[in-house]
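As structure tokens, the structure follows; a few thoughts come after it.
Each chain gets a letter, A, B, C and D, in the order it is written, and its residues are counted from 1.
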């Protein structure tokens, strides 16, 4: 419990380089302000300013990181007090920054990946008349995200949390002339609100029970609460995490959010913002350490989500939606990881980092493909693009291999560690969570291979097609300003996993924040066997995908489906439409089921309540008749009730 | 009886001590109100408008200056936190920290409201009588917040109400609905003051005095029947809740807000609420703290009813002024949540909420007064469709203000709700806070409905024009919006001030 | 002397006034009923003053009378102005603002 | 509740008012008797003058549409002003009775009070409230 002790002792005041940490927030905020207030005057150089602020922030973050590594492990938690934000006698909220290994890790991820994506966007958005505004929103997002991870209390975190929500809303709806984009933005906004309520109530509970919301004090005092309250807080925090990170049952907004420009999908909806939930749980580790039940719920949510994401990913033909469900599923892994407690916090963060690299790379690759394909997203219209876009293919391929856990690439190290830790749980949990995570490996391999095959290999189906706006397809490689970030991310996808896990580098570095990484309990299988098993499953997934997609030409339109599993099994012998029947159909059915559940149960409840309230309202407002005498009667009735109630309370 | 008369006749009556410094702001406002009446009487018609604006502005500025002077001398007089305040006029008026805060709030909001009233380029089709009425009402509100006995409170209530009744009926353009608003407000207001007064009489019978402190003493130990106490408390509170437009005593609110001239509505919505809740806070804290376990449950119910009525009725409103009226009913419920949290946080958070709400509301009505069609203000929501395309700046400002009313972070509304709810939580009212959160979510629906309407609907063919605001209205809207933002980002200063001290009995 | 009877009488008058507000249509009569309520309160105040052996209640009754007079003036002015435009003093005719 | 009052109330004190009550009862009885008896015993002959709202010579204007007549607005205006200024006297009487004990401060206060009422009077006068037409 090293970290609890540290927390109890409180953090050290920031010194040296760390005293300028406010720059991290100020730089992107300055960029956003200049670009938004400057108006059209900044059109010419706005994108450059947008990139410059984030790159500067990255450089500063790197300096800060290096200066922190030179400190003793115990001195690595620093606090920078900025000003008293909300001081009322007993409610005093300071606005301060917490600079510790966990937040610095995120700073590097956000500004690093953020810089690359900013640069990429110069090319991607070059034809957009509103490019300046796009960069302003991106800068705003970076500032809010940094505030989220750097804040030294839950209220500051909440502030950043809402800020990234706002930026995400603005960016999803960036092309608001598309009705789908506007709807998706609204959906994201609403579903995030559900999670936010959970987070807000959790903060209220802390405030009510502990009288503080600063991390150091909350973590120091949390042990004094009874188990029920801690459980409630942990579940409410989890609800917040589910909303922001697209976890079951609040996952539906994330795929829709792909209506936004692709760099946004890469930065916000793959690498950074959606991982805020993981950050929240990891940051609150002293709370989760106290409640095994809370952690169990976290792991269950993570497991369910990772399976749902995989299964649905198998059914989509839209390249970005497949990647989006893949994100849902991978965050499921991370949530599963941090849900395991002290044996998993660091593993979840490790996977978060590697995923940040390869998923951002994959999205940028997908963006590059769309850039060359008239913004078409249907993979059935692609095919054989490898020759036309060699760099995109290479970088995308490396990201793909990293994602499915190909040996010695990033995903291999980070994902397997989580699977092993999951197997190490006691009793049935080990088998269930480990097994599910293992199954996920096969499914991931399947849908990603399907994506690769449909996009880059096979017949060049686009030759005989026109895009929906009537143009022919002329696929071409993207300009250097786009490919260079992709290459850098691809390099990261290859090496990050090894570098981070070699000698437990990341886990040791994070120890002051997350506590020591414990060894998983008693895995039922030896580690080598598990690695072999997961590799085997991966190969099976890849093989199946090749069998069902790679061998036969891919139909340009979705084929008619047979309706019975028996006929599907028979068709299997001919290898005919097997892809569709065995995987897509159940997947689709499941998807449809989930969509129906989503529409009918979740949306239904929301719209139902809204409808009921509107109906109630339209009826009740008729009671406001406009007759002054009926108003007087209402008042008299109210007065009689108030007086009668008072007398009843007194004399009963 | 006669003996008593004779007995009293022997004594020389001593004049009460008057702390002129403390009550100077009120004296200035009321004095200038009298001056304003004389201006009405003796100055030629064409020169009145400008002169009246000058008189009213001078009144507020001088009152503000004397308030600042008193606060600084008061702070200098006591220890590090300053003296708690002064009770003067034989205990009738108590100028303590909350009263000073409320006076400051009222004067600040008064400036904004005056700016809206004074702008003739958009709305100003009122007679010049509006200015003396405005000053009298403002003076009445200030006395109401500081009144330390129920009789003073009653007189102040009438001094603030009577001018407001008249101001509601001053519109010349939409005369019928304006007069209807006035007559409704007047009849219901008088009805409510009768309840207040009956409550006062019963409490007088209970405690033998109408001083709040004496009532508190009597409530601890007296042989009189508690029927008098609780009957009186109930009726008294009804009168106060009416002024604060708390449901179910809100019925006048939508009609009057809609019918009154928009600048008057702005003044009424912001300042009356401040005064009414100032009074509620003082009465509950000073006189009835010891009986809180009896009345608290009842006010829980009232708060819930108010939030529910405001949120649900507001959902389907088609007139923007009516919608803001129901929003004010919902906000009254939230305020009541803070007011019945009987601790220092409850007091300071409610004071903060009042200030924040006042600025946002006045700015909102300022915006509403700018959207006009041929027949005057276009308050029907259908006419607001697609307004963002026609006037992006106005729509942006209004969106921001609506978000503040909904309580979205980065606005004062969020901080206000946050501090009020956390104060209520600290006082163990978690269920009430949960209910309040639910209803604030429901209420957010109707604010967002307007935002969606402005941004995502096609503008109507014969839609309203957005008139170019005069300098006064521009200043009022800018100030209101700026304060809404400022308090959302840096609420520290105001929160500090609001929590600087409690009531003096 | 039994103050209870006076209190009951004043409560009765107050109730009559209240009911009058609810059932009468003519604005002036509604208004007179409100005045009746105020005067009922005056009776209560004076009774309590006697019970308590003080003069305060009677002084308060003076204040109430003055306030009531001011209310009369404001009320009549408003009712008269609406009567001039509408040619009707019925409160039920003022019914443009609703729902 | 009742006991408390009984205890607190002085036992005597109503005696001076008994004749007053008797007078009140007599007056009421006479009024009721007159109104009740008139239709029973009097002849029923109506003419225009008898149906007028007031029989003292002033023509109600405008002419009543149904039922009781309507007075010109000037009546109401004057009546309102009368009430207002009349009622203010309520403060002058107590002052007059106790002016000795109140001393100079009381004089200042009452002058301020009269001045305030005077402002209102000035307004009414300048705005033509006192002109009959």
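FYI, a contact is a pair of C-beta atoms (placed from the backbone, for glycine too) under 8 Å apart; a residue touches a chain by one contact, two chains touch by 3 or more.
For clarity, every value in this text was computed on a predicted model and none was experimentally measured.
Chain pairs B-C and A-C differ in how many C-beta pairs they share in contact, with the greater number at B-C.
Averaging C-alpha coordinates per chain places the centre of chain B 25 Å away from that of chain C.
Centroids built from CA atoms put chain C at 66 Å from chain A. Annotation: 15 Å between the Cα-based centres of chain C and chain D.
One inter-chain figure worth recording: chain B and chain D are separated by 36 Å, centre to centre, where each centre is the mean of the chain's CA atoms.
Of all residues in chain A, those touching 2 or more other chains are 621, 624, 626, 628, 632, listed in ascending order. Residue positions 1, 10, 13 of chain D are each in touch with at least two other chains.
The set of chain B residues touching two or more other chains comprises 1, 183-184, 187, 191, 227, 254-255. Chains touching one another, given as pairs, are A-B, A-C, B-C, B-D, C-D. Of all residues in chain C, those touching chain B in their complex are 7, 14, 17, 21, 27, 30-31, 34, 37-38, 40-41, 44-45, 47-48, 50-57, 60, 63-64, 67, 70-71, 74-75, 77-79, 81-82, 85-86, 91, 94-98.
Residue ranges on chain A touching chain C, taken from their complex, read 621-622, 624-629, 632-633, 636.
Listing the residues of chain A that touch chain B in their complex gives 83-91, 158-159, 162, 182, 193, 197, 200-201, 204, 207-208, 610, 613-614, 616-618, 620-621, 624, 626, 628, 630-632, 634-635, 637-639, 642-643, 645-647, 649-651. Listing the residues of chain C that touch chain D in their complex gives 1-4, 50-53, 59, 62, 65-66, 69-70, 72-73, 76-77, 80, 84.
Those residues of chain C that touch chain A in the complex are listed here as 18, 21-23, 25, 30, 91-92, 94-99.
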